[in-house]
Every structure is written in C-alpha cells, then in structure tokens.
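Going by the order they are written in, the chains are A, B, C, D, E and F; count residues from 1 in each one.
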C-alpha cells in the first residue's frame, strides 16, 4: 500500500521542519534571558529528559532539620525552554524550610510523605497557612515570602515544581545575615536591632 | 519607635498597590485567553490555594487499569494565572495511560510510588523511553505524543505538573474512535483499515 | 531649514538605539529557546526577509498525492524572533496531508487554489471539519490532530502560516510506524493490533 | 476488548480537563488585554474557525486602486487567543497600499496573484524593498513603516497574516491628514509645509 | 488628487481593524490574569493616558520620613495591558523606603532630586548597593529584596517604573509584623527572637 | 543557635540554584531574540545595574533644539532580560522631538522639568494630546506615532521608560528623507509632492 517514493518525497521536504520540539541546555555555553543554547539534537538522549537526583532524601542532620534539593536547569538541562523545574523537600520532625521567596517563578508543592504546614504572605500582608497531608497540593505565587514546616511525627517529603527553569531562591535569613549587607543598612531598612543583626551574622557568616 | 502616623501615611499611599499577587478563578464567569476573571481578593482563603482532590487514588478497576485525576484550573481555581496545574496518575499492575498529548502545556512527571515506563515521540519520530522509579522525574515537551505504563509488580503513582492552567488532554484513541470523526476521513488520513476503525468505534462509542 | 548640526547631534545620540527591529537567524550558531542568535545587522539584506522556496509546487507524485514544503526558521531565517513561519501545501486530486499535529504553534490555512477539506479534533473529541474553497481561511489550534484532504477535481494549493518560527510537525503515522517506537509499547498504549502495527512498520520503515 | 467501565471511569475523571484548546471570541463582551472572553464551547461550530470574508476581492475602484480586507478578531472570532489574524490585499494595476504600520504585530505576506513591490524601513533608516511574484512570501517586523505597490500588468492579490489577533493599522496619511492632528503640531513635528498639510487635510478630511 | 471614493472604500474595509492599540482599564469590572477589561474606545480621552497623581510630593512626616505614591493600574488605568506602571518616592533627610520586594515586576529607578542610596540582595546573597545622584538610574530585578535610603542633606525624590501594571509591594516589616503571621511560625521560619517579634507586632499592628 | 553544619548542608544543596536573578548583557556576544547572552555572574558589579549616562543634559544646540539620550541595552547592559530601558529628553524652548514610533515597546514619560506638550495618534486616527508639567506622566502605546514638544518658557526635561530593552526608534522624517527610500516609492506611497521630497532629502541626506 505504501511505497518508497512516499517516504522519500515526504521526508525530504520536511527534513528541516522538525527542529526545537525541545532545547536541552548546553550548560557550558553562556545563559541567555530565555535560557541556555540548545545542545545538538543528535546528542540528546532520554537521560536528558529524566532526572534521578531527587530519588535520594536530602541530608536533614542540620540545624533546620530539613533540606532542599534543586532540579533547576543547572542540574536538569532537559527542562531548558520548557518553563518548568522542580525540587525535593525533606523535612525531619520539627524541621523547617525557612522563610524565602522564589523571585522568578510560581511554585506548586506536592506532599508525598507526612504532614507539612505551609504558608505564604501576600502584598496585602495576609498570611495563608495550611497543614497539608500526603497527596495534597498547594500553590505559592511568584515572589511572595513563604515557608514549609514539618507538621507530623515522622519525616515529611514534598516535591516542588516551578513555573520557570530558573526560579531563584532568596532565603530571608541568608539575604540579611549571610550576605555582605552592611549592618547599618539592615537596621535602617528593617528596624531590627543591630545587636541582633550582628549576632545572627556571626552565626550565619554575614559581613559588612 | 514606630508610631501610628507611620502606619497611616504609608498604608494610605499603598492601599491600592497590592492587587493581583494572585488571581483566583471565578469559574462562573466566562474564561478569557489568559484565564478566568479573578474572584474578589476579600473572598479568597487558603483553601483556594490548596487542593485535596489528588489525595485519594483514582479508580483503576477499568480496562486500562489506570486513572488520571486532573487538578486543572477547572478543579483548582487557585492556579488561575499562575501557569501551573497538576494531575495524579494511578496505574495498577499492567495498567496504561494511553498515548496522548497535552496541546497546551509541557509536563513534568514525578513518580511517587512503584515503577512507570514513560516515553514520548518527537517530531523527528524519535522515541524517548525510560523506566522511572520512585523519586525520578521526567519532562514531556508540549504537544508531543506520550504515554505512561505500569512497570513493576505493584501499583504505581505519579504526579504530573503542567506549564499551563489548561493543558488540555487529547487521547489518541478517543480522538479517533470515540469522536464524530468519520470513518472515511480517518482511514484516508491515517491509512488504518476501515474494518479496524469501525470495530474500535463500536467499542469506544465513536460515530461518523 | 535643516542643518548638518541637527543630523550630527541627533544621529550621534541615537546611534546605538536602533538595534533589533529584527533578528535574522544565524543558522550556524546554536539555537536558543527564543530562537537563533542574530546575524550582524550590517550583513542583512532584503533577501533575508523574502523567501522564494514556496513558489514552485511540491512534488505530489507519491503515495499521498500531496506535499508539504516548509518555510520555517531553518529555511527562512528572516522569521527568527518574529513568531511567524509558513509552508505550502500541494494536494493532487485525491491527495491527503495525513493526520498530524504542530506541537509548537497555532496554524492558519489560506486556500489559494481548488478545494480542501480540512478538520481538527479537540481535546473533547469533537471533530470540526469543513470543505474550503479558494480564498477561505481556517485556523487549527496548537497541538491538536488535524488533516487536509483534496476535495475537488483539480489540484489544490494552500499556504499555512504558524504562530511560531519552529512549529514542529508530528505526523501520526510516522510517530507510530516510521519511528523506533517498540511494537509492544505501541499496542499497549494504542490498542491497535500488533499484526497491523508490524505491517505498517514494514511499509513505513519503523523499527522496535 | 474494551468495556463500558473503561469509558465511564476515564471520561468521568477527565470531564473537566478538556477546556480551552481554543477560546472563540464573544465579541459582545468587553475586550481584555489578552483578547475577548470565550463564547461557551458548546456553542462553537466549525464556522467559528473558518472565515469566508476573504474570498471576494476588495473593491479597488478608488483613488489608490487597492483595497485591504481584514480578518482580525473583530471579523474572525475564531482567532481569539491564537496570536494570528489575516487580511487580503487587492491591488489593481498601478495601485498602492499606502505607507503604514501595524503597531501590534509582525506581518507575513503571501503573494497569490500578480506582482507586488513591497518594502519596509528600519529604525536605522534602511529601506528593504523587493518585487515579489506569485508564491513568494515576505515578512515585515512589527511597528515599522511599510508599503505594497502593484508591480505588474495585471491585478495583484496577496494574503497577509499577523502575529496578533489585533495588529492595528496606522496609515501614515490618515494619521497626519485624516485625523484631528492640529496643523501647527504636524508642521512642528514633521517639518512639512503647512500649505501642503492643509491641502492634504482638505482632501482626506482631517481637522485641527 | 484624492477623492471621496478613496476614503469611503478604504474606511469601510478597515472600520473594524483598528481595535486595541490600547486597553484602558474598566476598573469596575473584575480583573483578569492579563489585566482589566477595556473601557469602550469611544469613551477614552487623553486623560486616561496621562496621570497627575505624582506631581505632589508624598507626605514624609512619618516615622520613616518617606513616602511611596503608586501609579499602578488601580490608580492609572491607561497603563492596563501595556506592561508598565510607575510610582513616586519621596525621602526626607534620613528617610528610608524599608526593605521590600515587588513580586510581580522589575523596577527602574530615576533619581530626580537629591541623593539616594539604593541596593538589592541577589539569590546568591550578594548585596549590590550604590549611592545615586540626580539623573542616575538603577534597575532592581523582580522579586529581590531591595531598599532606598536618603543619602544627602536635602529631600530626595525618585520615580520608579515597573515592568508590570500590578507589580505588587511586599514590605518585609509589614509581612512579618503587620500581618496575621503567627509569632511561633515567624520565629520558627526566621530564627528571630519571639520577644522582638512581639514588640514589633505591637508597634506595627500585627496579630497571631 | 546556628551551626556550621546548617550552612554547609544547605549551601551545598542550593549552590547551583541561584542562577539568573538577572542576566547582564555580554554586548560582545551576538544578540538573540530574547536579548544578549549573560556575562558571568562573578564579574557583575553594582555598576552594571546603575547608569550615569543620563545625568548630563543632551546637547540641544541643533535645529530641533532638543536631544534624545538612550539608555537601551546597548548603553545599559544591566537591563538585559528585564523588559525595561530608558532615555532622557532635553527640549530647549521651542524645541521638538519629531514625530516617531518605537516599534518594539510601550513608553512611559515622566516630566522632570518644565512643560512638555506630548501626543500620539491611534490606529483610528484619533490624536491624544496633552501639555504635561513637572511630575506628570503619560503613556504612549507601542508602535504609534507620537511626539514631544517644549511648551514653556524654559528648558524641559523628561525621562522615558520603555517596556523593552530594545524599543527601537523610527523617526518619520528620517525614515522618509534620511534613508535610501526612493523618491518615486515615497511619493507613490505617501502622496507627498516629489519636489518636497527631494528638497527634504537634500537637507537630511536621503538618497534614492
């Protein structure tokens, strides 16, 4: 029923038509505002589209009893140009993902184990908080301060997905106390006590 | 240190400034190309941003031994305007999410239980297939045919997140055999045998 | 009335202001998610913005009695960054552009000769079909299965324009039967008969 | 092989999932920045996606010996939300589509009959001009002054497609001489002679 | 040279073509993700496109010795759909615009009087600070914590322009201490001292 | 309270997460449709985000008694990817910024000194004109012809901000009379008198 001539003529005419269903990042090239240049399609394999780095729990034996493992474009080049990236949250009992923002993306959280109390603060200074159980999802609009806290008697796990391949991550304590933000400017722009600022800087490694 | 005058003057000047951190869908209003009109901010609660409909497994006692449960904007109005939505896949042993596309979104799959063999076909007719285990993620570029198949000896569960609040869902078998697509046009445009087409239509309920 | 000083002063101050009215693709550079890097403006000529490759009819002496000739960014670098590309359809009597999708673009068809029966299937499994005559136009939303079939007693010609410089082209038969999509996975995810799948693969060159 | 339970369970879970493959304009509702609200999907027919208004030639028995017939969203509601619209150019011998811009869209011209000399002026004051024959296409970047002139010994026809559903159309002569643009402001901002301005206004109906 | 027939024929064919050069907000209609519905073009005047609310200095006789006056879409409906809005900063000697983010927009500051020390903190916890004088401009990427402080011996004035009509405004102190953010959750997610939190809440009016 | 282990574990897991809060242009690399490639974040300083080139007035001792000084991405690489750029207008008494368009951006004008009469023409040939004083702002939708004219008895200054890093600038007189636009094509497409066209070309340096 089909003949070789069909394949030849049709294939020839569309041979250059099938470009850029996807654009797997060439992370060695410079980034652009729309993402990284594409690696050659001929070198792309299924392993560019799948990512195993979120299988293992993050190490929560730290002061926050929690860990964030990113699968942004820098770790997972297959998301380049697709407007999506991901991460894994591990929160031990009593653990906390400190108050933070993602300046470049909306976030959707899927709780896959345990209970997580999550919340965000709007521009109108309203706080939206809820304790989520396994299978529940919640969204956090771009750029708003939000947090996740362990809420049960066992470790909690969540997966977060972002509406950008480079959501960014600005942790409030790090921005203030682990940066080179000068203490006079911090106190002037936050009304926090300079003694407190200096103490937290000494712990978190801030300067200035 | 702070005084009422601070609050008053600052609040007054910014009282109209805090709009549209979010735009929770008013599903009773007509949709627009950018999404639904926003319900009034004063009526928004945290329950608009959280969704419990994916907690329970879908019913897989059917012929495909699988189920898809959507959390698109129609079910989860809090995603309106955020460029994200979600769904839950339940795949019993031997189950299958049939070949389909999402015409309006890229997809990111998180396997949260069991093993899933997933794949997609590119415009260049290359098939990218991989068997994923719990914690692995995979992306499926917009509009490309893809599938998920149970791959282990126990039920598998996955969460899918989309880069749109209305990703759409075009199941190949439904488009061909559960629609009003006329048999002569199907056979002419797919080269499938009309006997086969009629048989599948009789099963799936297609007409034409 | 005008003086040289006007030109000098005004030209000097705006000499760097006139960049990127356009961005003609440098096809030898790697693609990015937003398109190809721009060739230097000084090397751009009107021939970058015009394309003659759609003047000649495609060769329809093949099994589908039809041809698709693309003017995507790969063929027509002047469209780079403009969110538009084009193609030409030639459909001999009885010819058919098989069922396919453009995963990356909406499509607008202009019939310029003869009659074409065109249609698409929505996510809701509704088929929208119409026979178009010369001068009629029709749109096909992104990612949905659609087709064009010759409908008159003479050759038909149409021009298709896409809302992207890289619309992609996924022909259903090629995705299934001209790819490396394994027969067991095809039958499992489409419910097609394996005997049929193998027969079509042998014709179209599929493997797996 | 298939059973009713398959259809029931699968259909039920996705019944709300298939929204907004498209958004046909409800032109009686107020426009929004992203386009018109969608008419209910249940009332959509194939005639919303096809448009017959460009079949007939425009009337060129006028002073420019040319006509532009639009198929923007206001005429062709099926393009709403798809980022595409169209128009038809009829240019009699010696006719001209006067210098104009589309402030809201890039343009792709397909010549379908005769010869058209087309050109645009860049921000760098370079003019790109070419005489196109039947089957040739040319792009005009957004917002730049451009024109089409009949170039042969018979009537010419072209179809133009835009990267927006509302490209706008600013005809230079109309902006200056058919508007309420005051003559002193015109002469001050264009250096044209006031006598000339007044003469052209009297012809084209301008005031001010 | 021109004749009535020209005007009539040309005007008739394009009478519906000129829609949506702009979309002035109808603020009484519900907002959408892309902005407010448009008020009828016939009711639009130049006063929709101009805004006088930033002429007068804001009242800086408050505890921060500063004021922010917004010209977002809620105040200035002409920006609707244009992806731009503005604001005025008045900073008396020693005044401060406290640490804040705009979750929905990039910002460009133009200093028009006096000296302003401005800075932002990146996701990598680097602080970029500079003292700007009259005529200097500075950009602040979306969603990042930033501040402006008076730096001279006289009042300073700046105009800020945003890449969105609804940039939002999340003032850190207000999010923490003027909201219903519960003290236990604040201390858990910021490591601030609960005594301090309660003190600041009592001043700023926070609850919880 | 905090311990080193916190910093180490958290920093390690997010070390690659903080990319592309911004993308300062590497102007030596080729431009792309989304902007220039990013210079390495490690080489970025605050001086990339601030720009001093608009402090000094432009030279208005020319025939238009006005000057435009751009701060587009070519001058101010920190705006790359941020969708914003700026410029400074200096208009001496009687000066004029001639009729022009920005094909790639909406514009927001802030008057910072004196009085400016500004206006634009819509696609519907309506002219919106207003005389603005210090502190007033006005928007000009993308691609529409507009102008600014000195309106008082002293020099006027304005800052313009654009919704793109590359707004472009097409000055009508330059497009017509300082370009290689052939006189026959100009007269044919504008109905201007060829004698006038040639005279203005001789002044402004046009050819063709």
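Going forward, contacts are C-beta pairs under 8 Å (C-beta built on N, C-alpha and C of every residue); 3 or more make two chains touch, one makes a residue touch a chain.
From a predicted model like this one, the values you see are computed outputs, not experimental measurements.
Engineer: Applying the touch definition from the top, give me the chains sitting in contact with each of subunit C and subunit F.
Structural biologist: Output, common partners of subunit C and subunit F: A, D.
Engineer: As a quick test, compute the distance in whole Å between the mean CA positions of subunit E and subunit F.
Structural biologist: The answer is 20 Å.
Engineer: Taking the mean of the CA coordinates per chain, how far is subunit A from subunit F in Å?
Structural biologist: 35
Engineer: If you look at subunit E, which of its residues touch at least two other chains?
Structural biologist: Touching at least two other chains: 1-2, 17-19, 21, 29, 32-34, 103-104, 119, 122-123, 129, 141-144, 168-169, 178, 191, 200.
Engineer: Can you identify all of the chain pairs that touch?
Structural biologist: Listed by label, chains in contact pair as A-B, A-C, A-E, A-F, B-C, B-D, B-E, C-D, C-F, D-E, D-F, E-F.
Engineer: Considering the complex alone, what residue numbers of subunit B touch subunit D?
Structural biologist: 29-34, 58-59, 61-64, 67-70, 72-75, 87, 103-104, 166, 168-169, 178, 200, 203-205
Engineer: Which bits of subunit F are touching subunit E when the two form their complex?
Structural biologist: Those in contact with subunit E are residues 1-2, 17-19, 21-22, 41, 45-47, 49-52, 54-56, 71, 76, 78-79, 82-84, 86, 88, 106, 108, 110, 112, 119-120, 122-124, 128-130, 132-144, 159, 161, 163, 191.
Engineer: Please give the residue numbers of subunit D that touch subunit F in the complex, ascending.
Structural biologist: Residues 96-99, 101-104, 117, 119, 121-123, 125-127, 129, 141-145, 147, 149, 168-176, 178-182, 185-186, 188-193, 196, 200, 208.
Engineer: Enumerate the contact residues on subunit C facing subunit F in the complex.
Structural biologist: 1-3, 5-10, 13-14, 16-21, 23, 26, 29, 32-40, 80-81
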